[in-house]
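Order of writing sets the chain letters: A, B, C and D. Residues in each chain are counted from 1.
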Amino acid sequence: MTSETVFGHSQALLDMRDRLREFVDREAIPREHAELAHDVEKLDHVARLLREKAKAAGLYAPQLPTSHGGLGLSWKERAVILEEAGRSFLGPLAINCAPPDQPNMINLMLHGTAEQRARYLEPLIRGDIRSCFAMTEPAPGAGSDPSMLKTTARRKPGGWIIDGRKWFISGAVGAAFAIVLAQTDAGATMFIVEAGNPGYRVLRNIASIDGFQIGGHGEIEFAGCEVNDDAVLGEIGKGFAYAQQRLEPARISHCMRFIGRASRAMSIAQTYANTRTSFGSPLADLQQIQAMVADSHIDLHASRLMTWHAAAKMDAGESVKHESAMTKVFVSEAVCRVADRAAQIMGALGMSEDTPVSLILRELRPFRIYDGASELHRATLARRILREDLRP
Amino acid sequence: MTSETVFGHSQALLDMRDRLREFVDREAIPREHAELAHDVEKLDHVARLLREKAKAAGLYAPQLPTSHGGLGLSWKERAVILEEAGRSFLGPLAINCAPPDQPNMINLMLHGTAEQRARYLEPLIRGDIRSCFAMTEPAPGAGSDPSMLKTTARRKPGGWIIDGRKWFISGAVGAAFAIVLAQTDAGATMFIVEAGNPGYRVLRNIASIDGFQIGGHGEIEFAGCEVNDDAVLGEIGKGFAYAQQRLEPARISHCMRFIGRASRAMSIAQTYANTRTSFGSPLADLQQIQAMVADSHIDLHASRLMTWHAAAKMDAGESVKHESAMTKVFVSEAVCRVADRAAQIMGALGMSEDTPVSLILRELRPFRIYDGASELHRATLARRILREDLRP
Amino acid sequence: MTSETVFGHSQALLDMRDRLREFVDREAIPREHAELAHDVEKLDHVARLLREKAKAAGLYAPQLPTSHGGLGLSWKERAVILEEAGRSFLGPLAINCAPPDQPNMINLMLHGTAEQRARYLEPLIRGDIRSCFAMTEPAPGAGSDPSMLKTTARRKPGGWIIDGRKWFISGAVGAAFAIVLAQTDAGATMFIVEAGNPGYRVLRNIASIDGFQIGGHGEIEFAGCEVNDDAVLGEIGKGFAYAQQRLEPARISHCMRFIGRASRAMSIAQTYANTRTSFGSPLADLQQIQAMVADSHIDLHASRLMTWHAAAKMDAGESVKHESAMTKVFVSEAVCRVADRAAQIMGALGMSEDTPVSLILRELRPFRIYDGASELHRATLARRILREDLRP
Amino acid sequence: MTSETVFGHSQALLDMRDRLREFVDREAIPREHAELAHDVEKLDHVARLLREKAKAAGLYAPQLPTSHGGLGLSWKERAVILEEAGRSFLGPLAINCAPPDQPNMINLMLHGTAEQRARYLEPLIRGDIRSCFAMTEPAPGAGSDPSMLKTTARRKPGGWIIDGRKWFISGAVGAAFAIVLAQTDAGATMFIVEAGNPGYRVLRNIASIDGFQIGGHGEIEFAGCEVNDDAVLGEIGKGFAYAQQRLEPARISHCMRFIGRASRAMSIAQTYANTRTSFGSPLADLQQIQAMVADSHIDLHASRLMTWHAAAKMDAGESVKHESAMTKVFVSEAVCRVADRAAQIMGALGMSEDTPVSLILRELRPFRIYDGASELHRATLARRILREDLRP
């Protein structure tokens, strides 16, 4: 409902959004099945199919420059498109704008050599492969505090030997390569490691609350994993800086997609409230139901405005360090509230998997933790505010 | 902290805001005393003084067209200026953009005859007088449901006789005239009644939680109150329609001013947290304090964006019926949370009147009720959403 | 931490609790696996094993009278024991005090004929079989409003023919019989239907958010399901009255078990906070973590007192209609908050199934809906309060 | 509504409670006026009158041993009586069980010499005088961290010279004496200083949000304030230990009184909801109103149980260090929620002083700060929980 015209969205963009909406309703949503997310083969099949259809429909890769076959949308435009795609867990996959591939493309475009771009970026853009980003480690390694990085890369003649363990690596199952963050004696560095490398092993898919995560959350072991010098992505020692470059855009992109997901859950609940009768009147007539509906619209309205505002600042080249943190905290908690209310309105049906609502509720919960837990962002925000005496 | 540039605010406007900030800090804030609000004579004195200074500083009447001696600001621009003025409870008064005079000017400009405009609007614009808007009635009369209007206006030759009782009429104490809503046999109608009319009596100032309300909340009796035909404002029977015209702008304007007030409370709390030490460390180092600071910045960021967005829609001539209700609910609750946290951070000092924080906390509380209680807005929003199946 | 001595719990009971704690830690918790809940065969095996051990340990059937081989505990005593058992999802099963068998035993004991008791109650008490309670129906049938009952039982010579569909029937998968609520021309009536009846079919296990539910949530079809007259439980037409008899005890028993489950989640989180380090200090030193821990203890303390108080009233033979509703609303929401905080404290690990925390979080969520949604209870409570002007 | 019988309250106590209820309704409530709290003379007059009536009614000094003319009630019994008295801000005053006199009596009874008891305790018990407790200091002195104590007492021959400033000293206006906490070279020590002492000056009554505080919140200056050796209360150096002795009982007693106050606010709101009509139906029929009513009953039910439980532990001689902190945090926040909902239900009337609801709302707010802010208690509770690994 939030007015796009005030935010300067063109009619062409709104038309694209409407086509995407129709595409998602027709192609993505009917193919949704919870088990798909973890069945690499079936998923691969669906992904290829959807991507071909998205290409044909002119909806593919909205975030990429036209020179790379994308739609070349600004951040402000992407906000509208990604929300729309995000209504289905297959939507961002279909238009190839899903994490971790999306931020991996950013790192590869900015820092990849011509050869790296040809070998990894191009098939990623075409949608032929998936990838993952191996940063987080099990305790006592790098979790919310990346400086605790325990995975190491030691020099050997002509290359490096990587040792360590990564954990909760989204999309790892079935990924063709990983961008790995490892400690060298010259600082944290990014490496590209292919899935076929004998020193690279996806130990397991960590069972988790968010059933819809494509490629699951892998635990990966690097055991004497040898790579050549050309596996280094960008400059040695710049690993943390590069990780930062992807984090803010990734957070805001997540907000876009998850606003779409929460909006869909509430749409389903609204239809239910309009049709289900209890104690002689439709649920829609009950004020407690009404309050949940109104609060959800308010939550999503505020979420959109914060996300769009941050997007507009990114387009203007301004820093969004502060706003992206405020937005991530608010949106991650708001979409959980919305999905929780949707489930509550629907009663037992909202707890079942007969509708996607309970799966959306589960899928959104980790967003309050991933990409920086709310508590971490609050502390960081407030320390900056208090130190610089920022105006409330 | 919310970026004004993204919202297209010009540098000229930001300069005006900075001058106003300095003006409020130098002229308004040092003159704040809680008792001032109810001491008509002292307040009159201060108001005249401040208004002369505001005129001299080129900061007077931002909401009025230049043809009426105002600054001719758009709604989007006003959002920035009114927030700034709203940091002090004397700020909007100083620039003559405080309710109920502000919406009264709207009604008079839109519907007043040339004579009414000369007699009531001109001195109001100059700041020579104050006015009030007499709509609400004690139970069982018109409260949140205006259709329960009990005050009547009966025809008499050449005029009308008004009978009834009004209640919680903000600004009534010391008002030169009231715009009164009364039921006629042709529907609800607005009348202008002067304070000197023998049938008009301000019975009392209703003691209330919000000590800072200028002119208090009056209880007014109309007992055989005779007015001439020229007391009718606009057309007979259009009273409810005219009341609607002022309500949405009034709500959004309130949001602007109260964001300023809450921001000031948190500013004071931030300074306190940076300087007060407890158990060996500054309060600013404690995460529970930090969380309250961060949440307040997030609340105000979202509040500003919702308010600015509604303002931009009003500038574009679009309806904000839906957005103004969502914004009013969110902002009224958000500013209360912010002021509550500010008071909590400051401990016993936050409970005292040694700083304005506790007075701001009290002043903001009724905004969750005035201009439509949150519960009423939630029900109205949701019924529209569910009836029209609006997308979440 | 809540003092049992104040509530008059005997030392013998506290000793029993300590033995049960040890039993649960040693026998039940190590056997917990999410998949167990839906694998009827494996579960059967584990259940038999645990029940033999519980019998040997003198911990079996605390709720049953000693004449039926139980421990004969009062409600106040059960509160302590069921919480302890409830720490593991296998605990209540092990001591044969899990729903829906527990309330089914109540109905059978109160209203069963000697033959029904021999055929159904005795093996249930021994733990040889499981059962279910088939009341809820899919829309537009009986959900939170049982008067919408659509399943019918028509008379035939010497028996009845049951037709209808039941939905979200906990424990249906693998149940040996169901107590079914069906409409007759003499009012709603309870029938006992055996799983082998050709007219009885468990269509599917409804996939749901709460993975730990033993026997899942079945959808059951009754298609021309013929039963003899001796399948009627109690009197014809008393179905709703009998359902009420089980509901209040069932709610309070749920509270007991789920307090145990939430307590366990927070225990795990406390251990994590004491050992996991981030940004140079243990999580336990961070005030935001501390606030989550403190609030959880407060939530559980209040939950226990409300539950114990209702239990004590039941022991005294007083009605707990009002208190059981207040307790159910508070406890169902409190345990969800506690589990949510536990998961949040643990970060990504809290989202995984590497610990039971995320599974507990999912298992507790439906309690805000099952046994009467919070909204329904709030409305019912308030209408009684306002009608009878009950003192706040 | 909470069942007293389960908590073992005798019929005699419940009869006393009923008589007190009738007494408060007839004698205290009709005499309530906000201005009374700060008008020492008028208050004195009303207090004397009410106390005589309370003595005559056999309701005086429930907390004192019968040997001191009190009713000798246990803590568990007091919980019922103090809640009842606490419905009116004049109730605890009338039965002489209001702070700071009540905890001052505790200190005097435990540590006063025979002379001190005759000179200070006896007239206090009779209700002839009021007193205050001077501990808190303005920044950077002793606030929530008492170790920052800046007021000093230096030895002089035969006595002491006290210098310092105290702040937010409840009841200071019109107090006949103060128990003062001051630092000596042998540690913090309590002194009794009479109001007539030339070195003792109540500088002002600090205007504060809680208009109903009897004797206001004084700022007191000790300037070369000379006292004799017999002004020392108890042993030198034991000031902090004695302060602790009064704090836990004081917190729990506050909970009792404020539960009564919140209950009264909600009673008024219930009556309003039952009679006020809006949009064609009584407010009582609206689910959003119902939800506020139900949640308030749940909040007060939990508050009572936590308070009664702590009281029962105190009667049993068990430590309530942990429970009193949990109870204080919960109750202080719960009663604020209840009063806020009561005000919201009543709309503009709830903001006015035409009913006591808005004054109760203001009076309860500081309880989240006084006697240890919620944040402080949460941190202290959690550190103990995590350090000792207390079970949740």
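One rule holds for everything that comes next: contacts are C-beta pairs under 8 Å (C-beta built on N, C-alpha and C of every residue); 3 or more make two chains touch, one makes a residue touch a chain.
Note that this is a predicted model, so its numbers are computed, not measured.
When the C-beta contacts at A-B and at B-D are tallied, the pair with the greater total is A-B. Put simply, the chain farthest from chain D by mean CA position is A.
Centre-to-centre spacing of chain A and chain D amounts to 53 Å, using the average Cα coordinate of each chain.
The centroid of the Cα atoms in chain A and the matching centroid in chain B are 42 Å apart.
The mean-CA centres of chain B and chain D are about 37 angstrom from one another, to the nearest whole unit. In chain A, the residues touching two or more other chains are 286-291, 375, 378-379.
Every residue of chain C that touches chain A in the complex is listed here, in rising order: 34, 136, 139-140, 143-145, 148, 167-168, 206-210, 217, 275-279, 286, 288-289, 343-344, 347-354, 358, 361-362, 365-366, 368-370, 373-375, 378-379. Across the complex, chain C is touched by residues 286-288, 290-291 of chain B. Looking at the complex, you find that chain A touches chain B at residues 1-3, 5-6, 262-263, 266-267, 270-271, 273-274, 284, 287, 289-291, 293-298, 300-302, 305-306, 309, 312-313, 316, 318, 322-323, 326, 329-330, 338, 375, 377-379, 381-383, 385-386, 389-392.
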